[in-house]
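Two complexes are shown next, each including chain A; its partner changes from chain B in the first to chain C in the second.
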Partner chain A sequence: MSKYIALPKGVAEADFDKAIAEFKKILGAGNVLHTRERLAPYLKIMIPAPIEEHTPSAAIMPESVEQIQRILRVCNRYKTPVWPISTGKNFGYGSAAPATRGQIVLDLKRLNRIIEVDPDLCFAVVEPGVTYQQLYDYIKERNLPLWLDPPIPGPVASPLGNTVERGVGYTPYGEHFLFSCGMEVVLANGDILRTGMGSMPNSNTWQVFKWGYGPSLDGIFTQSNFGIVTKLGIWLMPAPPAYKPFVVRYPDQADIVKAIETVRPLRIAQVIPNAGTVSNALWELAVVNRRADLYTGAGAIPEATVAKLAKAHGVGSWNVYTALYGTEETIAEHWKIVTAAFKASGGTVLTQEDVGPDDPLFNYRRDVMRGEMTMREFGLYNWRGGGGSMWFAPVSQARGSETMKQMGLAKKVLNKYGIDYVGLFVIGWRDMHHIIDILYDRTLPAEMEKARSCYDELLDDFAREGYGVYRTNIDFMDKVAKLYGPVKASVNHKIKKALDPNGILAPGKSGIHR
Partner chain B sequence: MDRRNFIKTLMASGVLGSSPLAAQAASELFTPGAALPTMIVGQSDLPHADHLVARLRQVLVAAGIEHLHAEAAGSELVEYSHVAALLDSVPGKRVIGVMDDAAALIFQQLAAARGAACVVSTHHRFAAQEVRHCCTSAGLEASIVWSDSLSDHAERVSRLYAGTLGRPEPAADRDARVASGNPARGADGTPGTPGSLVSFLITL
Partner chain C sequence: MNSLNLIRLLAAVAALVAAGQASADSTGKWQSSQEVYNKVCGYCHEANVGPVITGRNLMPEYISAIVRNGNRAMPAFRESEINDAALAGVAKLVSTSPAAAAKK
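Our next item is the complex of A and B:
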C-alpha cells in the first residue's frame, strides 16, 4: 500500500520519494503537498468522471520561473509528470484535476505578479497566478481608463489561464487568444522561449507586435502540453466614452434563425463590436431560478412548458444581449441601424430604461459586457443542484440555419437522457461558440452516468455532421483529439516528442501523450 | 456496514473522536486561532438554510461551542465584494456555510484563494418525504451518503458539524430536542419543498 494517494504511471514509489524530497529542497516543505487532506482542493471536480481517474499524486507550488526550471530537471530525472494550472478554476472542464491519474499538479498561483500595465499602448503583462479581480483592482486603484474582459468565473479566474485555454469573454475583446500578444514559455528542458518580438534582445515591442520573425509559435502553447506559459501579454480595451447595452427578445424557438441572420452582418461590420450572447429561455431561467421551483416532472422540461415559463417570467425564447461602444454621437448613429434591423426581424429591443434598474439578468449582462467583475452566472449551478456541471461547446458558423441545426441535434440527445437544453451562443465574428451547460446532480451515480453518456453521444452526433468542440474536459480529451483526425494527432505527437521527449508536461492534455 | 449505518453509528455513539472527520478536524481545526468563535454564514432567503442554521446554532450552544452568525441573501453571496467582506469579518479560523450551490462554490473558491481548506462539505437534496445527504471530507476516501426524514434531517447534520468541531452535543440534550420535533414540513417556501442546499466547514 503506497503512502501516496496516487502515483504517476510507471514511476516506482522509491523514485517518487526522491522526487518529492528534491521538490521540498527547491520549494520548501510547505509548498509540496501530498496527503489526501492537503490535496483536497485539487480533487473537487464538477464533471461526471470518477475522481479516482484524475487523482493527482501531489501538488507543488513554485513562486518563480527559476524554480520551475529546477522542478523540470527533477521531473526529467525521475520521469514524473506535472500538470500545470494557473488558478485552477476550469469549472465544468475539470477544474484543477489532471487528465490522467498520478500527475503532480504544478500550481502556479504563487506566480502572481502583474509585471506591467501600459496605459498608452493598452496592454498588461501578467503571470499565471494573477486573477482578473487582482488586475481589475490594480487598474481601478490607479484610475487607468482600461477595461478587462472576464469570462464567467471572472474574479477568481486567471487571464493567462483562460487565454491559453482559448476562453472567451463578452466585450469587444472577447476572443481572448486573439487579444493576447507575447508569451514567455518554459520548455520541458528548462529553456525559456519568448514568442514573437520577445526573442529579440532588448526588444520593447513584445506586447505590441504578435508575429516577430519566422513561424509564429504562440498557438502551439494554447490547449497544449508543449511548454509552461509563465508570462502573457494581453491587450486591454480603452474604456469608451459611452456604452449602451441592450437585449433583443424573440418569442419563438425558430426565431434563432432571424436573430443570427440579423446580428451577423452587424457583427462582421463591427457596428456591434462585442462578443455578445444569444441565450435560450432555460438559460435565462436557470441563472435566477431553481428548477424544482418551476417544474417537478420527470425528464427534460417539455418545450410547451418552457414556452409558458418564458412568457410568465418575461424572457424570450431567445435573448440577444449585446452593446454599442464609442462616443455618444457614434452610438446614436449605430443605434438607429441596430434597432431598425432587429425590429424588422421581429425582435423586441429593450434597454436599461425599458427593463428598469433591478432586472438581474439584464444587469448581469450589462456588467460582463463592460468587463465588470460578477459571478451571477454561477446561478446556473442552482438549477439542478448537486454540484454537477459540464460544458459541451461545439463551434457553429454564424448562420441562422446552422444554429437551428445544432440546437436540434443537441436537444435530441439531451432529451433522450432527460437533461434540459440550457444553451447559449457566443457571437464571434464569423462563428458562434455554442455553449451548453449539462447540469446534473453529481451526488447521484445514475445522474453521473447519464451525463457522461450524454456528452459522449453529443460528441459523436455532432462530429457526424462535421461539428467539433472548441474545448473539452479532462475526461474526453483523447476522444475529441481522435475526432479531429489522425494527421493533426500525428503532428501534435511529433512536436511533443521533439519538445518533451520524456513526456513530463501534462500527458493527456488535449489528447496529446508522449 | 453500509455507509448509512456507518454515519448513524458515528453520530449515535459519539465516536467522531476516532473518525476520519475528526482526524481532519484535529489537523486543520485546532491550530492557532481555533479558540476564537466559529462563524456561521447562512443564506437568508433560503428556507432550508434558515432551518438548518437555526438547529445548528442550538446544537453548538448546547455543545458549548462559541459562534457568531451572519446572514446574506443569495444575490449578495454571488458578489465578490460581499463575500470578501464576509471573509474579512471572520473572527477566527473556522466558518460553517449553509447556502445554495452557486453561493457555496463562490464562497469556497474565494476562501480557498486565501488559503482556506475545506474540512467537510455536504450536499442536501430535499424531496417530498426525505432529505438525502452526500458528505465529503478531506479525510475520507469516499463520500458518505445517507437519508433522513424531513422531520429530523437538521438534527443529524448539526451534530455532524458539532462533532467535527470536536464537541458533540450531550446525548440528553440531543434526545430531548429530537423528541420535541421541529417544523420540517410546511406550505410552499418552507423546508418541506424540494430543493438543494450545501453546508460546509472550512478553516481559514
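Our next item is the complex of A and C:
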C-alpha cells in the first residue's frame, strides 16, 4: 500500500520519495503537499470524469522562477511529471487537476507579482498567480485609465493562465492571446526563453512588438506542454470616454440566422468592436433560474416549452449583447447605424434605460463588456444543480447558416442524452466561439456517464462536418488531438521530444505525450 | 493645498467610496478577512449565485471544510490562494456576520 494517494505512471515509490524530499529542501516542507487532506482542493472538478483518473500525487508551491528551475532539475532526475497551474480556476475544463493520474501539480499561485503596468503604452506584465482582481485593484489604486478583459471567473482567474489557454473575454480585447505580447518561458532543461523582442539583451520593446526576429514562438506555448510560462505581457484597453451596452432580442429560434448576418458586418468593420455574445433563451433562463422551478418533465425541455418560458420571462429566443465604445459623438453616429441594422432584421434593441436598473442579465453583460469584476454568469450552475459542468466549444464561421447548422447538430445529440441546449456564440471577428454548457448533476453517476458520452458523441458528429473545438477539458485531450489529424500530432510530438525529452512537463496536455 | 491637489483628493475619495467595502489591494496578500470575503466569497454568495452564508451562524470548521473540499458547484480553494490563517479569519467572519441583503 503506497503512502501516496497516487503515483506518476512508471515512477517507483522509492524514487518518488527522493523527489519529494528534494522538493521539500527547495521549497520548505510546508509547501509540498502529498496527503489526501491537504490535496483535497486539487480533487474538486466539475467535468464528468472520475477523479481517480486525474488524481495528483502531490502539489508543490514555488514562489520564484529560480525555484521552478531547481524543481525541474529534480523532475528530470526522477522522471516525475509536473502539471503547472496558474490559479487553477479552469472550471468546466478540469479546474486544477492534471490530465493523467499521478502528476505533481506545480501550483504557481504564489508567483503573483505585477511586474509592470505602463499607462502610456497600455500594457501589463504579470506572473501566473496574479488574478484579474489583483490587476484590477492595481489599476484602481493608481487611477489609471485602463480596462481589463476578464473571462467569467474573472476575480479569481489568472490573466496569464486564461491567455495561455486561449480563453476569451467580452470587451474589444476579447481574444486574449491576440492581445498578449511577450512571454517568459522556463523550458524543461531550466533555460529561460523570452519570446519576441524579449530575447534581445536590454530590450525595452518586449511588450510592444510581438514578432521579434525569425520564427515567432509564442503560439507553441499556448494550450501546450513545451514550457512553463512565468511572465506574460498583456495589452490593456484605454478606457474610452463613453460606453453604451445594449441587447437585441429576437423572438424565434431560426432568428439566429438574422442575428448573425446582422452582427457580422458590423463586427468585421469594427462598428461593433467587442467580443459580444449571442445567447439562447435557455442560457438566459439558466443564469437566473433553477430548472426544477420551470420544468419538471423528463428529458431535455421541449422547444415549445422553451418558447413559452422565454416569452413569459421576457427574454429573446436569441439575445445579442454588444456595446459601442468611443466618444459621445462617435457613439451617437454608430448608434444610428446599429439600431437601423438590427431593427431591419426584426430584432428589438434595448438599452439600460429600456430594461431598467435591476435586470441581472443585462447588468452582468454590461459589466463584463467593460471589464468589471463579476461572476454572475455562474448562476448557470444552479440550473441543474449538483456541480456538473463541461464546456463544448466548437468554432464556427460568423455566418448565419453555419450557426444554424451547428445548433441543429448540437441539439440532436444533447436531446438524445436528455441534456438542455444552453448555448451562446461569442462574437469573435470572423468566427464565432460556439459555447455550450453541458450542465448535469455530478452527484448522480448515471448523469455523469450520460454527460461524458454526450460530449464524446458531440466531438465526433461535429468533426464529421469539419468542425473542431477551440479548447477541451483534461478528459478529452487525446481524442481532440486525434481529430485534428496525424500531421499536427506528429509535429507536436517532435517539438515535445526536442524540448522535453524526459516528458516531465504536463504529459497529456492537448494530447501531447512524451 | 492648492485647488488641483484638492480635486485629485476629491477624485480619490470618490473612487474609494465607489469601491465600497472592497478596499483595493494589488499586493497579492490579503489585508483582512473582509477583503477575502469581498473578493472571493462575495462574488457568488452576495450575488444570488451561491446561497447566502452570513447570518446563519455556520460553524467555522464547517465553512473551512467546504472551502477546502468544495461542494457541488462551489469550487475548492487551495492553501496557495487562501492560506490556513486567512481561511480561519474569513470563516470566523462569515460565522459571526449578520445577514446582508442579497443583491441582484
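Couple of notes before you dig in:
The rule is simple: the second predicted complex is superposed on the first by the 514 of 514 C-alpha atoms of A that agree within 3 Å, B and C clash if a C-alpha of one lies under 4 Å from a C-alpha of the other, contacts with A are read in each partner's own complex, and residues count from 1 in each chain.
As a convention for this text, a contact is a pair of C-beta atoms (placed from the backbone, for glycine too) under 8 Å apart; a residue touches a chain by one contact, two chains touch by 3 or more.
Note that the structure is predicted; figures quoted are calculated from it, not measured.
When both complexes are superposed on chain A, chain B and chain C clash. Contacts of A:373 after superposition on the shared chain: both chain B and chain C are touched. Once the two complexes are laid over each other on the shared chain, residue contacts for A:141 go to chain C alone; chain B is not touched. Within the superposed three-chain model, A:385 lies in touch with chain B and with chain C [touch as defined at top]. With both structures placed on the common chain, the touch criterion links A:468 to neither chain B nor chain C. By the touch criterion stated above, A:133 is placed in contact with chain B and with chain C alike. Counting the residues of chain A that each partner touches, chain B and chain C differ, and the larger count belongs to C. Of the two partner chains placed around the shared chain by superposition, neither chain B nor chain C is touched by A:346. Contact with chain C, but none with chain B, is seen for A:113 once the two complexes are overlaid on the shared chain. When the shared chain is aligned, chain C comes close enough to touch A:61, but chain B does not. Within the superposed three-chain model, A:251 lies out of touch with both chain B and chain C [touch as defined at top].
Common to the chain B and chain C contact sets on chain A are residues 38, 40-41, 44, 87, 89, 91, 109, 133, 155-156, 360, 373-376, 378-379, 381-382, 385-387, 442-443. Of all the residues in chain B, the ones that touch chain A in their complex are 24, 27-28, 75, 78-80, 100-103, 105-106, 109-110, 112-113, 117-118, 123, 125, 132, 134, 138-139, 141, 143, 145, 193-198. Of all the residues in chain A, the ones that touch chain B in their complex are 36-38, 40-41, 44, 87, 89, 91, 109, 131, 133, 153-156, 290, 292-293, 296, 360, 373-376, 378-382, 384-387, 441-443.
Considering their complex, residues 11-12, 15, 19, 24-26, 28, 39-40, 43-44, 47-49, 68-81, 104 of chain C touch chain A.
Across the complex, chain C is touched by residues 33, 38, 40-44, 46, 59, 61, 87-89, 91, 95-96, 107, 109-110, 112-114, 129-130, 133-135, 137-138, 140-141, 143, 155-156, 288, 358, 360, 363, 373-376, 378-379, 381-382, 385-387, 389, 442-443 of chain A.
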